[in-house]
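Here come two complexes built around chain A, the first alongside chain B, the second alongside chain C.
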Partner chain A sequence: MYQWLDERLDITRFNNKVLRKAFPVHHTFFLGEITLFAFVVLVLTGIFLTFNYEPSTRLIKVAGYTDPVQAAYASILYIDSLPFGAVIRSVHHWSAHIMIAAAFLHLLRILLSGAYKKPRELNWIIGMLMLVTSIVVAFTGYALPYDNYAVTATRIGHGIAQSVPWVGVAVAQIMFGGDFPGSDHSIPRLFSLHVLWLPLALMGLIGAHLLIMVKQKHTQPKYAEKVAPGKILGVPLFPQQAVMSGVLFLVYVAVVTLIAGGFLAHPVEAYGPLSANTPAVKPDWYFLWIYGLLKIIPSHWEFTIPLFNGGKFGPEFWGGVLIPSILLVGGLLIPFFSVTKDGQKQRYLELPSQKPVRTSLTIAGLMFLIMGTLAGYIGDSGMEWLTIPVAWTLLIVAPIVTYFVCYIIMRAIWGKTWPQEPQIEFIGGAKGSAADD
Partner chain B sequence: MADYEAQIEHNILEHEEEEPSANTTRRAVLQAAIGVGVAGTVLSTLYVGAGLVPKKVFTPENEPLAAGDILVYAQGPNQNKPINPADLKVDVLQIIAYPMNPKTNVVKGSDPNNTVLIVKIQPSRLTPATAKGAVDGIVAYSGVCKHLGCIVSNWDPNLEQFVCPCHQGHYDPANSGKVMSGPPPKPIPQLPIKIENNQIIAMAFFLAPPGVNA
Partner chain C sequence: MHKNDTVVPFGALLFAVALFLMAFLDNQNRVSETVAIPGAAHSLSVGIIGLMAFGMVMFIYGFIGLVGNYLEGTELRPSKHIAGPSSLPVVAGVVLSLLLVGLAGFFARTLVYAAKEGFNPSSLQGGVFAAMMLIIAILLVIYKKFFMEEEVLAEEEKGEFPW
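And now, the complex of A and B:
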């Protein structure tokens, strides 16, 4: 049987090339896998949801509501009434959060360990694009329940898209299918983007990411340099890595189901169908820093270039589009400014302690995002101390202070040992210790 | 085989003997053809792609507000019933209203830009410009926040200002909807009103275009 297949499909070559691929063993190397698991779960639960969802805003009568409600809203009520329907919807919701969180942590690991350097610049760029695509997919899914909360949150996104000079109105009209809310085309279009085109793009990017990773091989953890210098250390994809990943996938499904069972996501009935009242909305955590920036950028920061129609640069554009874009482009360019010596290929990961400037900059960048997030809480009860000037001060000062504090601490602790190679001690046999890590 | 090689040899010789200028002309013609083809493709794609921007379909429910429209409750137990000015109290949360066509009695609630805020404040606090469109301290404004399009549905009783719950934009109802704090770039436009038969009626369109982009 094996031979029969091998003669036709050249399985031996596939086995040698792919199934024997070495996966380094280190717990941070599972972050990317968790992202992938979340995506798989999103697709599977998404199939269930699409089968029961009607992407339309036509008004229909539903028991328990005096006025007709939109069909999209009614279909969420229907899904929630199915056996475990609400749990599956919650699994979908929480998996989206976990996917973005895991992708971001994966990015931080790559950044702090210098794994983005030559030859892996391409995968860094693809990874950044995937993070952005994931966030856009999450956003396009937000409006689909069409409850008052979801519509308000999406309406803000529509306003941000419109704020781009010159092209913004056309982009918003195309992406949201006209005015949002109000147009009958909005929900079908967001639905199409959310369940079809953006996930397809994501699948293509995931495929490219993995193929490039197999082709280029993983960067090796630092310990591999001591244990087996010059060799590739790790467990083969099949069977060892496959078993570990399989177990991790099951653990992932179990944990996310537990969370979903305990915390039902986005209770549409509590928010109610679209109404003229604006609920106090907060975006999801990964948008909070943009939301915070929108709150603190003053309205008079605007000018118009009177060239053609609509060359207006306003506060929504600065906070909602420009600053995130600058961070994105800056991120994409990292591997072209932070390079290896003499154009060598990066074989081994760098320890964050060996690169105090990069590590401190990364933590300062995180502090910027955290301070932006904090600004999102301006005006909340209990947050009266947080005024716009305080938020501005924190946004600018906290990252700078963080940078220097990090740098000084790292110098004090590791400064003396930087010229030396890190000392790694192995107890009870080098190989065993590495594999247990 | 030998014939074939001879043929190729012949072809090469023949082309080598050609005038170089003949080649340049041929190349120019081909390049022009490619250019025209690409331009035609791009233009026709743009023409077809323009269909991605949906056409706005006007129905009686989403026609813009017009002078003479009666303002009705947008929600609540009295939904779609005309607002009685006698029910308004001074300095309490604004009523969210939609215009109703007085001839057909169709409520134009499908376009969010038709959302109107109605509030009653001390007539003495109104600026002269605002008082022109107000009756007895009752003022009406566009309900769409100029920042990012949320409905300005909150009221700060201490400051006596409209508050948009999305990003804390504050507007002053006594002074032409002026932005008092927060990120909105422009005041919300006032809707001049009159009162007839215990109904609040729009006297004209909003004093400036409503909505985010205007």
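And now, the complex of A and C:
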């Protein structure tokens, strides 16, 4: 059989050229694979959901409800009633959260190990865009169950989209198909974006990301420099790495199914269908820091530029658009500010302890996000101590203090080793001989 | 970062436990909310979902990191390794395969029960399905550790693939 196929398709050449690619071994590489497998599970469970979901707000009668409910909400009840349906929907929901968390941690690892440097600047940019696209895909799916909580939470995003000066209303119209909630086109529009256009964009980005990674190769653990200098040390993609990835995929499915079965992430019946009662809501955790910024920015921070029908710059624009955009652009530009010595290629993972400024800045950035998230809890019961002035103080002071504390701790522990490169004993060949081009 | 060590994955497992503990304590302190439809499950807060999502990523990462170290070691050296004959992994494989068949039958029963009664025992279904996936993962680990020919390559940095 193999020979028959080989004579026609030249499988041996395919095996030698593609399947025997060396795949370096390091545990941190699994973070990217977890992100990829979360996406695969999202697609697989999403296919099941689309078979049974009705993207419509038409009112229909459902047993157990006195008033008619929207068809979208009713179809979620139907999915939950199918054998294993509730678990599959819950796996879909949890995987969305996991994908964003894993992508974030993956980017953090790339940042802390210097793997974004030449020649991987493009893949860093694509990775950042993938994280943003993943968040937008998750956002467009949030309103689809059309329960009271999801609709109220999505209104916050609608308000942020509308807040962009001059173009905001048009952006909101395109994204939501009219007013939200209210327009009959909103759910079909969000559904189309969620299951077709944005996943297609994400697939394109993932494809480009993987293709570039294969071309440029992984950054390797430092020990590889002494074992095989200038070469890529690793296991063949097939079968060894494929089996390892298979184990990871199965472990991923096992953990997520266990949690998804025990904790239904978004039980729509707990919130009920859309009603006049507005529940106290918060956006998903990855938007909570933006929500926190919106809470602490004074409502009078607004002005209008009287050009082209007037462009209004309000608090929603500052907190929901401007600050996240500045952070995003700053993140995209990191590889162009932090470069390798003499323009060499970055071949090996750097220790975070060897780059104290970068590591301290990264942890300070994390502290900014955590403090922004904390600000999202202003006004909650048990959080009376958290006032707007306290939140402002924490948001500004905590990251600065974190930076200096991190830097001082790193200096105390590893300061003496900073001027030195790690001691590498070369076994054979010249350092980087084959690849310093 | 220098090697495929076990320190960071083990730390990730500890961090995962801490995150789940935080989520549990957060849930304990929550003011219980009334659900819109009587009998419906209580929802999780966005903070708890975030903690659990990061907890799951950390757990999966830590677990697969330790498995990766067990299967592939701390450092690679260009070599070939042919697995030797061994009886115990075969016995373990047979026992696990039988267990998998039993669990698959039980899982099918939960589906039939849900179809007949109109009630999904979600925790049980999720738990049984998770156990099945974990057993297949363990079977793969046994196969890779005891039956697979291992090879470590040292490949030229420049290649013709994909272009």
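Basically, the second predicted complex is superposed on the first by the 407 of 437 C-alpha atoms of A that agree within 3 Å, B and C clash if a C-alpha of one lies under 4 Å from a C-alpha of the other, contacts with A are read in each partner's own complex, and residues count from 1 in each chain.
Assume contacts are C-beta pairs under 8 Å (C-beta built on N, C-alpha and C of every residue); 3 or more make two chains touch, one makes a residue touch a chain.
Quick caveat, the model's predicted, so the values are computed rather than measured.
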**Prompt:** Which holds for A:I232: it touches chain B only (first), chain C only (second), both, or neither?
**Reply:** second
**Asked** Can A:K295 be said to touch chain B (first), chain C (second), both, or neither?
**Response** first
**Request:** With the two complexes superposed on chain A, say which partner A:V169 touches: chain B (first), chain C (second), both, or neither.
**Result:** first
**Request:** Would you sort A:H92 into first (chain B), second (chain C), both or neither based on which partner it touches?
**Result:** neither
**Prompt:** When the two structures are overlaid on chain A, which partner does A:A276 contact: first (chain B), second (chain C), both, or neither?
**Reply:** first
**Asked** Quick one: chain B or chain C, who's touching more of chain A?
**Response** C
**Prompt:** Which of the two partners, first being chain B and second being chain C, lies in contact with A:K117: first, second, both, or neither?
**Reply:** neither
**Prompt:** Of all residues in chain B, which touch chain A in the complex?
**Reply:** 52-54, 56-57, 62, 74-75, 79, 96, 98, 109-112, 115, 143, 147-154, 164-168, 179, 182-186, 212-213
**Message:** For the complex, give me every residue of chain A touching chain B.
**Reply:** 67, 152, 155-156, 158-160, 162, 169-170, 173-174, 177-179, 181-185, 275-281, 291, 294-295, 297-300, 302, 314-316, 378-379
**Message:** So in the complex, the part of chain A that touches chain C is made up of which residues?
**Reply:** 17-18, 20-22, 24-28, 30-31, 34, 64, 80-87, 90, 94, 97-98, 100-102, 105, 113, 148-149, 211, 214-215, 217, 221-224, 227-228, 230-236, 239-240, 243-244, 246-248, 250-267, 269-272, 282-286, 288, 347, 349-352, 377, 381-382, 422, 434-435
**Prompt:** What residues on chain C touch chain A, complex-wise?
**Reply:** 1-5, 8-9, 29, 31, 33, 35-37, 39-47, 49-50, 52-54, 56-57, 59-61, 63-65, 67-69, 71-73, 75-78, 110-112, 114-115, 118, 120, 122-127, 129-131, 133-134, 136-137, 140-141, 143-144, 148, 150-163
